[in-house]
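Next come two complexes built around subunit A: one with subunit B, the other with subunit C.
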Partner chain A sequence: MIVAVASGKGGTGKTTVATSLALAAGREVRLLDCDVEEPNCHLFLETGPATVETVGLPVPVVDPELCNACGICGDVCQFNAIAVLPEGAMVFPTLCHGCGACTWLCPEGAIREETRPLGEVSTARVGSVELLTGRLTVGEALAPPVVREVRRRGDGAGLVIVDAPPGTSCPVMASLRGADVVLLVTEPTPFGLHDLTLAVEVVRRLGIPFGVVVNRAGCGDDRVQDYCRDEGIPILLEIPQDRRIAEAYARGRPLVEAFPEWRGPFAGLLEALARLARNGDQAPAGNVRVGGAP
Partner chain B sequence: MIELVVASGKGGTGKTSVLASLAVLAERAVVADCDVDAADLHLLLEPVVGRRTPFYAGHEAVVIPGACTGCAVCVEPCRAGAITLADGRAVVDPLLCEGCGLCVHLCEEKAVAFEPRLNGEWYVSDTRVGPMVHARLEPGGESSGKLVTLVRSEARRLAAERGLGMVLVDGPPGVGCPVIATMGGASRLLAVAEPTTSGVHDLERLLELAAHFEVPAVVVVNKWDLYPDLTRAIEELAERRGAAVLGRIPYDLAVTTAQLAGRTAVEMGGAGAEAMVRIFERLRPMLDAGRRQLPQTRGASAPP
Partner chain C sequence: MKVAVTAERADWDAPVDPRFGRAMAFVIVDTESRTLEMIDNAAGRDAVQGAGIQAATAICRAGAKALLTGHCGPKAFSALAAGGVTVYTGVTGTVAEAVDRLERGELAAAAASDVAGHWA
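Then we have the complex of A and B:
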């Protein structure tokens, strides 16, 4: 089962929920940190040594001997990554999306590809958790290829938990695609509600069953709960507003380790997610509460 | 012209709350919300939309009904994995299609159309604190960097046209495409950090990005009393990076209360609001100096 933890708004507690789910699973689990612009899971887990591998993008390299400056590659490229001058084609690798269209369509066979590094994937272990972390190199723009590489390496049998980036754009899509169930983490504030509605649109477009975790419950009002009830979205867990929880988070301590009484609710959350994944669209309307605050 | 970008690396550190308060205090500025895929600033500034423009960016492949013979020449070359065969006909998944157009060129039957993609909308609005430019990326949409660039350039144009001389930009989280589009060529970055293990890690990457694009940075620490040791660590990190620390904002639930009321913190008061006023006073000389340097000499870089 692949569980993706996402949220429209940043800072709602995705990483707290993803790491606690992994630690409370009580079995072998792969945790994929797909927030490759700002990966944080590793800060909460005391893993052993990591193996690190580079992730890259295939970008075109033009052979000046073979290029006759016909201009096809420049016309084809949708990303303005190739300009064709009278002397031949010139590539701007930082604009290239690695689609391969120029390489395929060059009638002279003058384009080969080489890998341009964008970031890395590191793999490390703590107990029954194998952590795969994607990290985009600072200054690079294209997060989705790094996300896809983390997913490619980490997807598979057994339990997989994906920590997705905030927002609703392409890196989020790459993180959620193929998941069996999505958990949207939000907070009961106007920002939390607004961004939750955007995240719900994304998950519905993808057709993946989903539920909600309300973090910092009690800090705001009931609009998130009302919205979920009206939309038939199950609220699977509420974590209360509590300065002690915020302080443990600040110190890099996973919730279920700082407060072991939360292990039970997180184990229950995982069971509820498994039921949602199995039942797909037949998810019960209304709130399904598991555990609740200990 | 001064263009101040508020960003944080990590999400949820209080960027939008700080920026909205600065916009109230600045009085004469254009506000730009560049967090186009999860924009929230409008919830505090209640813009009245004056002009609404569809945002088309790139294209998507669309199989023309009846024209596809199912030869599958397009399937394997598509690196986005967007094309499959169903009932002997090619089907493009619009959520996976990146709009590279390779299939359009490969198809000998000319069965793939290449249609402009509607990826959202952008708005020029009026608010109680001045003009605002903002946008909505289609959920799951691409080209957020291009939309950010549009929002920024319209905001700068408005600021020049109305003689305001200042643009305050609410940036997206992260360090990738939309952040690069937000920050490239800006006059200054105001990084809103929080004293958490994640917050420090993410700030470090953001300051590295600012250095990469040669945007001078200043730092404020939000919720500083949550973990004073890390607040000091942030201040030392900022100093090492040559970024002035403009102040500390305490953990104050009144900031959330203001948000619930659809107001900025400084309009509602409280310890957090007072800290923001002090930060604005320290920022003011930089803003005034920037305002005097009209017109702007450095343009925004194109999005990647």
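Then we have the complex of A and C:
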């Protein structure tokens, strides 16, 4: 089962939930940190040594001897990464998304591909948790290829937990695609609600069953709960606004390790997610609380 | 010689568009015959990225040897340089005034782009 932990708004507690879910699973789990622009799961897990591998994108290199400036590569490029000038084709690698169409279609065989490094994937272990961390090189703009590489390496049999980036853009899509169930983490504030509604729109369009975790419950109002009830979205867990939880977080301690009484609710959350993944759209409507504050 | 000027329409009195990649259009001026030809820049204007590169390609294909515009980024500049187009940035006024200043030798060719690029 692939569980993706996502949110519209940043800073709602995706990593808190993802790491605690992994630690409370009580079995072998792969945790994929797909927030490649600022991965942080590793801050909460004291893993052993990591193996690091470079992730790249195949970009075209034009042989000026063979190029006759026919223009096919420039016409087919959807990202304006190739300027075909009278003297030949000129490639702008930072704009290339690596689709390979130019290489495939060049009638002169003048294009070959070279790997342009974009970031890295590191793999490390702590107990029953194998952590895969994607990291986009600072200054690079293309996060999805790094996310896809983390998923390609981490997806598979057994339990997989994906810590997605915030928002609703391409890196989020790459993180959610293929997930069996999505957990949307939000907070009961106007911003939390607004961005939750955007995330709900995305997950519904992707057709993946989903539920909500309300973090910092009690810090705002009831509008998130009202919205979920009206939309038939199950709230699977509420984590209260509690200074002690914030203090543990600030020290890099996972919630279920700082407060072992939360192991039960998180194990229950995992079971609820498994039921949602199995039943898909037949998920019960309304607020279904499998675990409240212990 | 053909000279490209960023502007809204093929009119000697049209103001120079300060943008290059996302200019409304390019006016190709034939300095011998004194005729104007317009190349629409819908592809560049609405491009998600690489507008300057698209625009540079269009200018080169039109056979222009000089470009008069407001600003030009690094990718467009290198494409234009590779295509043998001399770039003049900081150009203001109308199409007629810009071409007039070029012909009187009052414009200095840009040695490099004058604004930062996007997307790294």
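Assorted remarks:
We take it that the second predicted complex is superposed on the first by the 294 of 294 C-alpha atoms of A that agree within 3 Å, B and C clash if a C-alpha of one lies under 4 Å from a C-alpha of the other, contacts with A are read in each partner's own complex, and residues count from 1 in each chain.
By definition in this document, a residue touches a chain if its C-beta (ideal position, glycine included) is under 8 Å from a C-beta of that chain, and two chains touch if they have at least 3 such contacts.
Since the structure is predicted, the reported quantities are computational estimates derived from the model, not experimental observations.
Contacts of A:90 after superposition: subunit C is touched, whereas subunit B is not reached.
Once the two complexes are overlaid on the shared chain, A:259 sits clear of subunit B and of subunit C alike.
In the superposed pair of complexes, A:227 makes contact with neither subunit B nor subunit C.
In the superposition on chain A, A:139 makes contact with both subunit B and subunit C. With both complexes superposed, B is the one of subunit B and subunit C in contact with more subunit A residues. Contacts of A:74 after superposition on the shared chain: subunit C is touched, whereas subunit B is not. Comparing the two complexes, residues 79, 94-95, 139-141 of subunit A contact subunit B in one case and subunit C in the other.
Those residues of subunit A that touch subunit C in the shared complex are 74, 79-87, 90, 92, 94-95, 139-141.
Partner subunit B is touched in their complex by these residues of subunit A: 8-12, 15, 35-38, 40, 43-44, 76, 78-79, 94-95, 97-101, 104-105, 136, 138-143, 165-173, 177, 189-191, 194-195, 198-199, 201-202, 205-206, 219-221, 243, 246-247, 249-252.
Remark: subunit B residues 9-13, 16, 35, 37-38, 40, 43, 58-59, 77, 79-80, 95-96, 98-102, 105-106, 137, 139-142, 144-145, 172-180, 194-199, 201-202, 205, 208-209, 212-213, 223, 226-227, 230, 251, 253, 256, 259-260, 262, 303-304 touch subunit A in the complex. Across the complex, subunit A is touched by residues 47-51, 53-54, 56-57, 60-61, 75, 78-79, 82-84, 119-120 of subunit C.
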